[in-house]
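Letters A, B, C and D mark the chains as written, and numbering starts fresh at 1 in each.
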Amino acid sequence: MTILVNSNTRVLVQGITGREGAFHTKAMKEYGTKIVAGVTPGKGGSTVEGVPVYDSVGEAVRKHPEINASIIFVPARFAADAVYEAIDAGIELIVVITEGIPVHETMKFVKYAKMNGVTIIGPNCPGVISPAECKLGIMPGHVFSKGRVGIISRSGTLTYEIAYAMTRAGIGQSTSIGIGGDPIPGTSFIEALELFRDDVDTDAVVLIGEIGGDMEERAAKYVVETGYEKPVVAYVAGRTAPPGKRMGHAGAIISMGVGDAQSKINAFREANIEVAELPSQIPEILRKVLKNK
Amino acid sequence: MTILVNSNTRVLVQGITGREGAFHTKAMKEYGTKIVAGVTPGKGGSTVEGVPVYDSVGEAVRKHPEINASIIFVPARFAADAVYEAIDAGIELIVVITEGIPVHETMKFVKYAKMNGVTIIGPNCPGVISPAECKLGIMPGHVFSKGRVGIISRSGTLTYEIAYAMTRAGIGQSTSIGIGGDPIPGTSFIEALELFRDDVDTDAVVLIGEIGGDMEERAAKYVVETGYEKPVVAYVAGRTAPPGKRMGHAGAIISMGVGDAQSKINAFREANIEVAELPSQIPEILRKVLKNK
Amino acid sequence: MKLYEYEAKEIFLEHGIPVPEFRVVSTPEEALKAAEEIKGRVVVKAQVLVAGRGKAGGVKLADTPEEAYRYAKQMLGSEIKGEKVNKVMVTKAVDIARELYLSIIIDRSMGQPVILSSPEGGVDIEELARTRPERILKIPVDPLIGLREYSAREAARFLELGEQSKQAQDIVSRLYEVFLKYDCELAEINPLALSTDGKLYAVDAKIIVDDNALYRQQELSGDYLRDLSYYEAEAKKLNFSYVELDGNIGILCNGAGLTMATMDTVYVMGGKPANFLDIGGGARAELVEKALSLLLQHPKTEIIFINILGGITRCDEVARGIVEALKKNPVKKKLVVRLKGTNEEEGRKILEENGIYVFEFMDEAARKAVELGAKT
Amino acid sequence: MKLYEYEAKEIFLEHGIPVPEFRVVSTPEEALKAAEEIKGRVVVKAQVLVAGRGKAGGVKLADTPEEAYRYAKQMLGSEIKGEKVNKVMVTKAVDIARELYLSIIIDRSMGQPVILSSPEGGVDIEELARTRPERILKIPVDPLIGLREYSAREAARFLELGEQSKQAQDIVSRLYEVFLKYDCELAEINPLALSTDGKLYAVDAKIIVDDNALYRQQELSGDYLRDLSYYEAEAKKLNFSYVELDGNIGILCNGAGLTMATMDTVYVMGGKPANFLDIGGGARAELVEKALSLLLQHPKTEIIFINILGGITRCDEVARGIVEALKKNPVKKKLVVRLKGTNEEEGRKILEENGIYVFEFMDEAARKAVELGAKT
């Protein structure tokens, strides 16, 4: 089945006429993703990579009622509005690629999305991919391969690094979700773990965490408390990051005594989740836990 | 079973130390309602009619976790805040007696309540009563009698008039809900009809409508479209009301061509709901529809 | 509370919604001066709150200041649909290429604000909603989120404008600001005019403020009794709900629903109610006395039907108030009284001691009132 | 972006949060004058952004203006925890009866603002949260609803005040206004002092503004590079994410997670990273050149480890940037390069033509960098 996206996903691209939007529309189409429409206000009537462009999400959805996912490339200042537009148009999965959205905006639209039963991935994320079925994001498709391990990650390139190592080792992925590097993600580790729990095509999950917040600690607690049935393997980036400094991602900061890597690593280990010292160790650990299963 | 309130209802009174709050706390207790606590900020530690008073709803609920309903008597300017406080404290049924709350406030807290799965009755309403079990409101208890007919009404005294006529005719009530006279009620006719539909102790429903808005028309449509299984009988007040004038209730106004009585009466009749010409005719119509059943 | 056109336009101006230049004046001389200052053709508009002033001669196009003077003179002091004209607006006449419609209302069935946008303005929007609803776009606004930019853009796009679309979007946003800031039930621009030189103007403006919110709209509420008749204003000061009607049978009840039902019962039985008067819940004798005095003094009221169902309201208090009012007002009008509920016996006793019969049932009392009303 | 205490206090003043009288000065003479104007005992406070200035001698109580002069002279131009003091605040010394704590933060796990209130202020709140969490009240605020009066009242009540409770409630509301208006991640008053004469004052003030929101906080963002070192500021101008560390191995990667993982890998293998430098996604040759030049020029960096996983980023662009940077910067520093992904072959070719070996795997490259780093 995979989670979130599959061959039935029909995609709307918001901000399709921008540089990023157009580039990734092409890349996603090449991967095989079904892009059915795009939106840029004022650019209705044109096409991008053969995809029809509309002035509003409402219009796109009326013309293409099969749309069930949206990916947002619009600039930070307008991104929140684009999210509301997609939610109000009834789209049930929204991937927000945009980086730099004020957190006061994000916390509002994330709440609004939950109120409306809509799943948001991101913001500031690479998106989600179910290899060989659908790539709804900006990740390089070739590092992923179809398989039975799920990935949930706060990072982009580090995920590609690990996915690539898995792929080389012959361990494919069911779905890989980049939940994004902002302090308040639309979908958290726990929510993503819940999705994988119910997916018959996922045998194990790789969690790629980093400093900042306590999402890893909460995920560890969740795994223990719910007796999570599938093996979970983790990596945590940022052991050498100093406190009080933002490490690239808006959310990657140790502040007010919360969010250092060691606390996360300890929480995982207490939850019997094996933590890799190096990203390159993930495949061997996976092989071990999958065999024990 | 009755709906909304019964002998298991445990009540918090918000604004208990005010004139209205204190008066009706006494009246409700005399009727047999289980009032377990009251709230007035700054008056914590005192008692009203033997009921302990707290400074906040949070405190009251911590001390009396059995509280499952609240009735609000606080003045209009502070009423919205009292509603949020009750919702945030996890109380699932809130009766807002207060009249005069700005509609911009009401539309927000009604939405917030729905988001949180909380039922609001009112504002600007007499409350709800399940005769012989629980009176959560300001209605004179003696005009009601235990029985198997539900009442849903936008008005106060007119409900008492009709309930009294029913009681005299030997037709008791399961529950009587005064949804209030404001333009945006927390619980609409349709929502109340849904509750009675599922109540095994209700055999028929009396709808008491009035001019303003199109809640009656929507209820009629709902009855037709869902094939509502229980007989519904209606009365509509305001046939002689001129357009553009507010008739006492903030919501009782014919405006922009919407809300006249004839439209509502027609809608009911088209839905095969018998409409009484006079309030006094309700008992005989009820007797007839109950016999036919 | 309805605002006058000029008040709504002042608010629009403050919030950056373009309005044709205007002056508000109370004498023909001032109108002349205003027209001279504004230059070119002007429109003279009677400032009244009743609807349909245009057809009643309250809006006139003046080619010269002298003409403006004449129209102002005609209008000032006259009555339009029963409402006296105290002020007129003199405003620049816009050369209109197209008339559009824009408003924000509180939609009761959705329980939230809705933007209404139509490329066909200047017409009766209710009529348009009946005949060609597809020409009106309705955009709901989540009250917890507020107006989103995309919604304003959609509303503007539906107006079928060209380069002015961006400006129209801006007007939608500003209109929403006004709607929120002034606790509006309605904020309407009809027509929103596109001038022949490609500009947008709010040529008319209508704002209705929620009466329940007047306490926090102090700058507006100064004279909120202004659109009421003498009796309505008196009733409002006493906090009664009161509406004047055409008949001769005065109605005095407790509770809005019961008051309407009492009016309706009188009507069904062949009588004509003279008013709606709801004294509310828990009224004391003094208040009842004042309410009844109002009806006793009202010239059109011949019979007075008092219908009280005591809950919080105590029948003895009502009875005392009735007796007191009759003492204070020597006017001889016939009273029909029905009292029921809390302290009913005591109330009945007080009234009967004063020679007033008390009915037990609403129907028989109404029948009596109608019978008396027909005789007068 | 952190604000200086005086900036935060100016904002507080504007929003009606009481602050003891203060002046901000840059010379001892001005400090003297300020102390004379304020009268009585004053506190001289170094305006720096680092935490813990009190223990580092950056806060001094002066009984006389002359003493204030002396302390200002000591502080101005000195360094506190590596940060130069350019301004000091001279502020009235409050006779403190009790110290309280009040803040509003964005709680990441709840995804919403939270008010933190404690009757024990003036202390390290993180320490208090660990040792006696029951002394801190956390009140979540729904971002779609905003702060409710009852929440402000609860927060105030927890401060265990008497008659000042109402004022504390008002301070909570105003602090929330500040929090919203300035896109704060944190708005903190620690301590909120109750003076011996029964008044509340924000004796210290801390505001952290969300960097992502600086575009709409123009009045603040003028010099948002101020709290950065030279290299950090240079990197920020180029839109890199850059953080300085203690080691000798420079790190240059694409993507925050990969950059951190690369630092960690170096560390696990026994090396010490000199920095975090994330060039982001899709960087062109020119940008890579500038990033690498920065590291080449940095005095503490001895070895540079470039780890690129090409997705949107093209390896050939990266290679060209590397070659360019080496040409422009004659400094001899050892480079370890790992390139993988999009246009990998082309990139490898460019580098090898310029005598630079290209690793395929991160681990072996890291091992090499650590080996080289240990030798220097």
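The definition used in the following text is that contacts are C-beta pairs under 8 Å (C-beta built on N, C-alpha and C of every residue); 3 or more make two chains touch, one makes a residue touch a chain.
Bear in mind the structure is a predicted one, so any value in this text is a computation, not a measurement.
If you compare B-C with B-D, the chain pair joined by more contacting C-beta pairs is B-C.
Here the CA centre of chain A is 46 Å from the CA centre of chain B. One inter-chain figure worth recording: chain B and chain C are separated by 27 Å, centre to centre, where each centre is the mean of the chain's CA atoms. Note: centroid distance chain A to chain C, computed from Cα atoms, is 54 Å.
Residue numbers of chain C whose C-beta contacts span two or more other chains: 142, 144-145. For chain A, residues touching at least two other chains, in rising order: 108, 112, 115.
Under the stated contact rule, the graph of chain-to-chain touches falls outside the line, ring, star and complete shapes. Pairs of chains in mutual contact: A-C, A-D, B-C, B-D, C-D.
Chain contact summary for the complex, chain A toward chain C: residues 41, 55-58, 78, 81-82, 84-85, 88, 108, 112.
Residues of chain D touching chain A in their complex: 51, 105-106, 108-109, 111-113, 125-126, 129-130, 142-144, 180, 183, 185, 210-213, 215-216, 241, 243, 245, 253-261, 263-268, 273, 276, 278, 281, 309-312, 340-342, 361-363.
Chain contact summary for the complex, chain C toward chain A: residues 142, 144-145, 148-150, 153-154, 157.
Across the complex, chain A meets chain D through its residues 23, 76-77, 100-104, 107-108, 110-112, 115, 138-140, 143, 153-161, 164, 181, 183-184, 208, 210-215, 218, 235, 237-242, 244-252, 256-257, 261, 277-280.
Of all residues in chain D, only 144-145 touch chain C in the complex they form.
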